[in-house]
Structure formats: C-alpha cells, structure tokens
Amino acid sequence: MLALRIKEAVRKGATLVVADPRKIWLTKLAKRHLQLRPGTDVWLLNAMMHTILEEGLQDDEYIRETTDDFEVVREIVTRYPPEEAEKVTGVPAEDIRATAREYARERHAGIFYTLGITEHACGVDNIWSLSNLVLMTGHLGYESTGLNALRGQNNVQGLNDSGANPSYLPGYQPVDDPETRRKFAEAWGVEVPERPGYRLDQMISGLHDGRIKALYLIGENPAQTEPNARHVEEGLEGLDFLMSQDIFLNDSTRRYADVVLPASSFAEKDGTFTNTERRISRVRAAAPLPGKAKVDREIVILMAKALGANWPEYPDAESVWNELADLSPNWYGIRYDRIEENGMQWPCTDLDHPGTPYLHAPRPALPTGRGRFFPVEFQPPIEEPDSEYPFVLTTGRTLYHYNSANMTMREPGVTDKQQAPFFEIHAEDAGALGIADREVARLVSRRGALEAEAHYSERVYPGLVWMALHFADQKVNWLTHDVGDPLIGTPEYKVSAVRVEPR
Amino acid sequence: MDVLRLATLYPELPRERTRLLDNLGRVRREVGPITMELSDALADHMNIRRGEVHEVVSFYSFLQVPTDAVRVCTGPVCDCLGARDLLESTPGAIEVACLGHCDLAPAMTRGDEIVPSVTHSTNDGPAVDLGSGDDTLADYAARGGLALLHELPTLERIVEELKASELTGYGGAGFPTGLKWEAVSREPGPRFVVVNADEGEPGTIKDRYVMELRPHLLVEPTVLAMRMLDASEGYIYLREEYATARARLQEALNEFRAAGLLDGLALELVVGAGAYIAGEETAMLESMEGRRAMPRLKPPFPSQVGYLGRPTLIQNVETLAHIPAILRNGGEWWAGLGTRGASGTRLWSVTGAVAKPGCYEAPNGITTRELVEEHAGGFTDEVGAVVPGGAASGILPPSALDAPLMRDGLQEFGAGPGSAAVQVFPTSYSPLRLLSETMRFFAEESCQKCTPCRIGNRALHHLSEELQRGEAVMTREKVDEWLLAMEKTSICGLGQASPFPVRGAMQHWPELFEPLEHV
Amino acid sequence: MVAFTLDGRPVSAPEGELLVHAAARHGTFIPTLCHDDKLDPYGGCRMCVVDVEGAPRPLPACATRVAEGMVVSTNGPITEFQRTLTEMLLSEHLNASPGGRPNELIDLANELGADAPLMLPDAKRAEYDDRNKLMGYDPDACILCARCVRYTQEVMQCSALSLEGRGGHARIVPTWELSWLDTECELCGGCLSVCPTGAIYEKFEEGTSRPERQLEQVRTTCTFCGVGCQIDLNLDPQTKHIVKVTSKDEYLPNEGNLCVKGRFAFNFVHHPDRLEEPLVRGDDGELHPTTWEHALETAATGLQKVIAEHGSQAVGFLSSARLTNEENYLIQKLARTGVGTNSVHSCEST
C-alpha cells in the first residue's frame, strides 16, 4: 500500500532510488538501483556522506543550530570514499555519488526503510547512519522528508506505544525512572516491578539457560518466526509451563503449550490499531466469535482475576483506552469520540490538539531539542560465505502472505498465487549446480536444512539467495543464526551463509 | 518467426517510449507478426508495462499480421467495384477497411506491392503540378525547387503570404494555415513540426500522389517550417499502407540530408500500423508517443500542447505542397487560381464510376461534373450518388453534380468539401449499401473511447443493414437524437462528422428510410 | 479563486478545479461514469457534458477546469444527451449485475427513465473465465470506461489489464487474456473497486450471493500491515459472516485502495480451524477441550507454580502486533501487576 504513494510520487516526477540487494518491483520505476551486498549498508551510507561533505552539500545551518557531535561523524566518513565503498558494497562509486548529490540537493527528500536495513547484527548502527545522513542534510521535520520506518505489522507501533516492552511503561515512559513507576503504581494500586525485564532475544536464550521457565504467548509463533528456529523449539520443550491465547494452533503451541485459550480475530473486537505514521484508528467488532472463543480483552481480565490481581471493571475497550491515555501525556488528547471517522496521529497532548503529522518539527524531538550524530564504523556481518557455505541467504516477506501465514495460508484465493515453499536463485548459480527452474533443491546452513523450489530469478545476483519466512513446512528460520544486535537484540535475518544443493 | 534475428534485434532497439511504434514495426518486419512473446520481450526491454504494449499492439490492424499478407480493400469505392468478389477469389486474403488506392479499385496489396501495379493519372497544375514528377532532388531543384531553403524568407513574410492566399488545411478540418503558423510561432519553444501523412479518409489519395510523384515538394516546406519555428525535431507520420510513398520519401530525406539541407535538424519518418483514427491530429501525437492512437480532449490544441506536451505545428501533406508556389508567386496570385469566389487550387481525388480515376489539380469552386468531364475522362455509368469529400463529407444525389465543391455550394445538400475526395457511384449501387459500408468503416475505425462514437456508429451501421432488408431497428426520432448526440458529444471529428452521411442519405432518399416512421 | 457562472448563479471555485467538483460543491450534481478522482481526467463516457459559453460544442465537466468568467449550463437541453448516452450504453449492456456489485449505469437509467431502443447485434463480447478464486469478470457488463485499466496503469502502475482492440471489437481483458494469476497482477482488486457497473466483482463464497447493497457494513482497520487501511467489513445480514471487504475514497490513509490481503484474505476469520474451546494438555500429552473455568485455573496454577519456585522473573510474556492497543495495554499490565515482571515483549520490536 505504501508503494502506491511512492508510485504516485514518481508519476508526478519524483526521483526514486532503490537501495536493496534484490531487484524489487519498484526498481522498474527507479532512476537508479543501488544493488548493495547484504550487510554493507554502513559503507554505502558513509560513502554518501563522504560525498556530501566533500562537495559541501551539507546543511551547515541546520547542523550548527540543531545538532550535536557532527565533527566525529565528519572525521569518520572521510575514511569511506565511494571508490572503496564500491569494492565492499558492489555499488558503482558514481551511483553512490549521484545519489548523494540528488538526496542532498532536493529539499523534499525522504528516506523510507524497512527490515532490510534493521534486521542485522549491526541494525542499530545502520539506523544511526541513516540518521546521520538525515541530520547532515536537514531533511527532517517537514512534509515529504524525514527518516521513515515502515512498520511491517498492523500494530507494531501501537504494541510498543502501549507498553508491551520490557524497558517502557505505556507511552514510552521508562521503567527505570522511579518517578514514572510511582505514577503508575498510584494509578494501578500495585507496585511496578523495578527489575528490568527481558527482551525477546533474552527470553529466547533464557529458555536454554534456565532464566525463563514459563511463557505466555499471545498470538505468537516463535518456533517459526525466530532465528535458528530448531533451537527455539528445543527451548520451548524444556519450559515448565507454556500457555497461549490465539485464534489457531501453531507450531509453537500444538506441541508444547499446556493451556491454549481461544481468542478473537480483528473482526470480532473493539479497540484501536496504530499505524506506521502513528495514526490511531478504530477497530470495530463485526462478526460473532466462533464457539466459546472470547475477545482478548476479556481473556486477559479473566487471567488477571485468576492470578488475584485487583483490577477495575473494564466494561469495554474504550474504558481501557481511557486509562492508557490518562497515563500517557502524548496520547492524552486522543479519545474515541475524536477518531470515529479518520484516525489521529500522536503526539496529541490535549483534547484540542490536532495531532502531529510530522515529528521533529521544527527541531528534533529530544529533550535537548538537538539531534545527535552517532559515529558509526562498518562491522561485517556475523557470518560470511565461505567454501563450505558459499551463498549469502537473505530473508523477507511476500505480498501474498503474512508472517507465519497462519491466516493467509488458509485463503485459497491467495494461495493460488503462492503456496509451495520456494527460494530465489540466479539462473547462473542454479545452472552451475545442475538445478532446474522450479526444481526442489536443498538449502543448508550450519543450523539446519530445508527443501524448497528453486525459482530462477533476476531479482537476486549470483551468490545471493532469498527466501520468505512464510512457509511452515520448510522454515527459513531453521537456517538463520541467532546472533543479534548487541544493543537491542534484533536478529540478523538478512545475512546467513548457506549452501545450495540438488535434492 | 525469425528467431536468429530476434536475438540480435532487441538489443539494438531504442528504449524511449516514443520509439514503441517504430520498434514494433521493425520487429514485425524483421522477426515476424507481433505475438505475446515478442510484445512482452519488447515491453521488458523498454521497461514499459506489458499490458500497455499489448494495448498498443492490439489497437492497430497490422501489427499481428505478416508483412507479406495479401490485403483486399473493402472501402466504399472498392466495395462498389467488386472487392467482395476479389476477396472471395483470393485465398488467404484479409479484408482491410481502406488501403488508400481507390483509383485502382478494387485495390489489393501483396506485402508492400500493389496488385497489379501502381499507376498515376494526374495533370499539370499551377501550384502542386503533379503532371511530371521529380525523380531526384536535382530534378526538383531544376524546376525551381529549394529556392525557399536558399532564400529563407522571414516568418512574417510567410505568414503574410499564407494569409493572403487564404490557404486552409487540406486534411479536412480547413483551419487557416497562416494563422496556424503564427499561433505556433508565438508559443514558447521547444516546438515540433509534424506532417500528417496518415491519409485515410476513404476515397482520398491526393497526399499519396504528392509523396509518390513529388516527395521533395513535401520535404522542402517541412524543413522551412522547422527552421522558421526553431523546431530541431520534425516527423512525417505516414500510414503503413503507403509503401511506395514510404520508399520515395525516405529517398528524398536521404537526398536532403546528403545535400546538407537538414543540418542541425532531425526530420524522421514515423510509419503507422493501420488505424484510420491515427490521422486525427491528437490521436497521431498519442501514437507517436507510444500509446494507443486515441484522440485527446480539446482544448488544448496541438499548437499549444502537442507532441510531448510542446507547441506543435501539424500540417497535412498537400497543404505543405502548396506553400512553395504561394511563396514563389505570392499569396494573391494563388488565391486568384480559384473559381466561383473560392481561392486557390487543390488536389482532387476522383474515383468510382469515372473513366480515368486519379488525382487532379483544379480550382476550388469547381463542380463534380466539371472535374469528371474535364479531367477524369467522363462518367462511365449513370450517376446514382456522389460523395464529395471523403466518407464523412456527406452523400449527394445526382442533382448535386453541378454544385460548386465548396462550403457554400454544398451547404444546401447537407455536405461539405472535406478532403476533396470525389467518389462517384452508379445507380446500380444502392445508397443504403453505400451508407452501410460507410458506417461500417467508421464503426470499425472508432477508437472506442467515447460512447457516442463507439456505439452510435455501430448502431447506424446496423440500422442501414436492416433498412436494406426493409426493417427498422429504431424510430426516426431516436435516430435523430442519436445523431445529434454523436455530433455534439463525440471527442473528435470521427464521431462528430459521421452523422453527415446518414443525414444526407435521409435527406436525399427519404423513401429508403420509410420503415423508421413505422416502428 | 475564480468567479464563474453556474446555471445563472454567480459562484466561485479554486482556479484549476475540475468543473465536476466545483459544481458539486455548489450543490449541482453532474452524472459521471468514467470519472474517478484517483485517476487522470479521461472524458470518455461523455455523460457529464455541459454547455460552456463560447465553446463550439459541449465540454466534459470531468475534464474541464473552471476559469474566470466561464458561463456554464448544466441543465436545459444538455441533459437530453445524458439520456441518449445512457440509452447507447444500455444498448450493449447485456448483463447488469454479474456479481452483486452496484451498477451506476442502471442507477442512472432508472433516474432518467432511459431504456435501450435496440440491442446491438455485436454487443456480446467473448466470454472470459479466470481460474483465480478472487475476482470474476463479465465483459457483457463492461461499459469500456477503462477505469479498471487506468487504475492498473496510473495507480498500481502494473501490467494486469489491457484495453484491447478498437471500435466494436474493443474490450477489456487481463493482459493477453492470461489468467490474472499469470500476469503481473497483484490481485489487489483495485480494478474491481473502481468499476462503475460491477463488471469486475468479488467471487463470493458459495451461498452468500446477496447484492452488495443488502450487506451490512462495519468500518474498521485492516489487520495486515502497518499502513492501517480503513476498510468496511461487509456482512451477510443473516449469517453475520464477512462476505467481502470494501473501502471508500474518503478513508484515510488508504483513500479507498487496498491490497490483496486487505481485500480478500478475510476468510480466515470463519475458518473451521479456528479455536473454539479452551484446550488443556492432558497426561496423555495431547491437548483436550475443556471449560473456561478449568483452563483458567490450570493456567493460573501453572504460572503461580513457576513464580513460587523460580520467581516472577522466570515468566515471560510475548505479545503480538495482532492485538489492539487496549489489549496490549492490559497484557503489559498483567505482566507487571499480575505476575510482577517487566518481561513483556514481542517479535515485533525487530
């Protein structure tokens, strides 16, 4: 859907540059495709900044007035000339320079990124690099610009906004702040635990080292979606207690769950979702629940009761929302009666506030009001191809399925378009291995192996293979490794070393 | 399909969208008729969506037809003179709405060859003077040609002489030429010059005569226009069926180029692919830009927003061919060549039941009888009906033979001079058959975009077919309403003008339309 | 702003606004069929022609922009053309409702009292049957307004549909008459959503072929990605099953556009695999249906046992982006107040 806006802009004359190891569909509309090797983003971005500074295209006034620590980045990027970048990234130096110039010179230049740049062991570095590039050119805080994370799932944004995060209470209020904990304790009538919680990756590793003994899964399927998934399964097996609330059984729960509670789909409940542009929109119950299934709100309330928590009555979703909004200043002004028609974008601090379409306007939205440059040096991916595993495997999604495809694989009209597990490989590589187009072949990594159709594809270059995560029978995460970003644990789904062999 | 050629050809083909039609033509000629595979491969090569190329391929009549196909014309004159029999007796021949060779009716082509062969029947004339052709640029120069390019008169003088001559566009719409040059020159550059050589109105063969006999006479004023308007690019859009004209024009362009007369200019031939509507000037621009030849909404007009959105001078072949004489002898001299109050001469295509079908230069204001008797060798049959200026101009009864072929002279008959294509039909050819064949042509050639043209023409074709059997499918009142809606709400001249032959037939042969009154 | 005259009334509009929009804002509804705000002005159906003083013939309001001093008439004799053009379209309109979608041509015909005076002998177009299970297409309901084709070219910019041929042979087909599954089509159904006559339609689940106008609509937010498209779930009033998903141009952020999942992947809601009862794993190692009371008790006991033996920190919560903000709020509150841990996260912070 987002691509529609990009297509519209290109049709109106915008310049599109695609940076992706694969020749995705949008490259057809692009002026240039920077087909970089997976995991070399920092080289590409630093070389762009190198060009910008070399040619004096940076926004000196913005840097001076609204940012800190520019000099450290200036120093680092001098060591990233485009010619060297070409050797590492595979992108011609001239293309890097041309893109840098176009980006820097155009006032309405935006960057849109997804998981291709975040799902790396250096994911945070990558985003810092992007942020440096944005700050350096002052492309922030007005329309058609900025650094835009495109959220893959319907309510990733809202999930974190709502506090389903080990470091933050609702509204990004830090758990490690005593004042914040006191505020919530007062509202909830219970102390808020002080001890930091585990992130997902820490919970997963906790399955193996005994830190985690019980898991409560809500609509989750870690045995498919987490890296090194075989290993995750072993961990689930070792739990003392596993419970789940979901609408279908999945590979995590079918074998390992002790209790499974039948929950509701989006069509059966009221509430709100928050989209990638922070727009909060209403979700409304339309269809009846199947059998004895209950809406998730009710299940959680029943569980709270069963665990002896003293909660107020929540007669409806709105009463829950009001509690969230009352406790979260940037959400305070958004109430159901204001979003009956179209949704509103947070921050929205009072009942007259119109919402906020552009963040960081007029200045970066940090307490200091100043954006910070972070020096970033290139770190190679954890696993590089070698003689035993000569291919780089990168993973992703397709248009036709949603994540572990528990929903979309149940749609015959959609599976007609795509059902059998497949991976993309360049014809040159497949030919050399004696694998025919559409023939089933094996992908093998240090963690596991799978079999899927080899689709000859011009989208990948020789040496690169690509596979989507949607296939339950042949899970690409059997192959991926689980060494994630040291800061936030994001897995490196985008680079693993594999070999391809005929079945 | 020539697979070897396919492998070598594609990498050579340019990728600009404006080259799509050209590329398709080359693939068709050098590899084979356009199939889905060829179309898709070209789309991928040019980075155009496959569906858009499919749309273009399917729009034109000939892209999916082999270049050596045998084609039989079933335009009204050919139909009258035995095209159906020829079609039946020629195995494998395909039926074509119009081949533009009505003087050789019933016309047939085998590949690029006219069967049996091209002949011309014409005359000497004061302005275009087709009587003796020019074989080479040297021949043309020896007759006083190229003077314009050597003298390079000022734009002001050209506009002044053109206005004095009262020359109007001879493609059919009749817009004053001087005003057009002036209008384009006042628009900001860059500008383009396009020659409309997509002659397609059934009965009309005059532009082909010019290009086959005096191609240099077309190129010289075109180059003059480009120089005057600072247009560095110019195009001659030629219909696919005119193979001889194509060869002659190409030779002439090569000669001009070799003589340095095109220095700094790119003047190129664009070859169509079989679509009458591409002769509509904005449809032509669409076609040149690599899309279906569907007319644009007007305003804006091409003089302001034309090829690639730039101001564009679009001129018909014959119109340009008169300009050297006008500038040589003066606008007033040319205006004085007319008769009965009309200005100048024009090239009359005279076909059908006449002894010497051909193309003759004669004064504006002449009558059909004078044309046929003085130039075309007289009538060969008792005249049943006359079409004065191409299919859309109207249908006249024999009583109009002495009406001057000019706007005023034809008004009372509900007709106009159109493209000066006089077609004479014998009494043995029913006016309803003539009408039906005419409407069939418009129905098939409608681009389909607008409702009144796409549906109205088919309904009227159906109506005239049924009337031949004495049946009526609509009331007279409905017919009138539909004709009015076609005339007033169609996007382009096709649907706006195609009611004229129907109204003409109803006016002059009311008895044939009797059944309509009784529905 | 420019001032112009609309049916004798002095009115104003932003310069360059399309006449059809300017007139609508002043309460004058001009019928259109080929016009769609998402697409470039086309002016093909001619239904919206109006008289503009000084123009040699009527102009299409959908493609004509207001200008200072323009004098426009939308009523009077000009409206006769609407009836005639409707009659023309009806004369090749063999099937008015192949799939239950609304038909704007029939609406217009009813309003104007127009009938087809004849049926064209070549009205019948070659039938088209596509093996895909999502979209059907009946060429006999098509009025060649090309909104669908233009949607694929201008909005999706993909290759899915083609306007093929010309004259009476013109028709709209999936490119080269391939199945939609074999073209570049992404099955987004955008072509269907812009079709004014319902010639392209959702293939219904069996037994729910009620006309769209008899369905109940509930507006909600799509569940499939971070865009948060606004959709209407269309329910069969009897079964309360979702039978189709639609959207509207005025909905933000998607402006009526949807993707294949948003428009078509709703059947999972009523899938027989849906969990209908709580399950508890028995001593035999299998999951067995049980009552809510028993399941909740087992769950609470299971968690409490771990808390008692290993502490609150040994319990983790993995929540989901599938859930609403409200549910996620309650889940983190459950983790923090019911169990006493901050370990609440999801796979979606990646």
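Every chain is named by a letter (A, B and C) in the order it is written, and numbering of its residues begins at 1.
Everything below uses one rule, namely that a residue touches a chain if its C-beta (ideal position, glycine included) is under 8 Å from a C-beta of that chain, and two chains touch if they have at least 3 such contacts.
This is a predicted model, so every value here is computed, not measured.
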item	value
Reference subunit C; chain at largest CA-centroid distance	B
Contact-richer chain pair [B-C vs A-C]	A-C
Central chain of the complex, centres being mean CA coordinates	C
For subunit A paired with subunit B, centre-to-centre distance based on mean C-alpha positions, whole Å	61
Averaged-CA centre spacing for the pair subunit C and subunit B, given as whole angstrom	45
Length of the line joining the C-alpha centres of subunit A and subunit C, rounded to whole Å	28
Sites on subunit C at which at least two other chains make contact	157
Residues on subunit C engaged by subunit A in the complex (per definition of touch)	131-134, 154-157, 181, 186-187, 203, 218-230, 233, 235, 240-242, 251-254, 257-262, 264-271, 273-281, 287, 292, 295-300, 302-307, 309-310, 312-350
Complex interface listing, subunit C residues touching subunit B	41, 43-47, 49, 57-58, 60, 63, 80-81, 84-85, 87-89, 91-92, 117-118, 120-122, 143-144, 146, 149, 152-153, 157-170, 175-176, 183-184
Contacting residues of subunit B [partner subunit C, same complex]	36, 39-40, 43, 49-52, 54-55, 58-59, 275, 277, 292, 297, 443-452, 454-459, 462, 473-475, 478, 481-482, 484-485, 488-491, 496
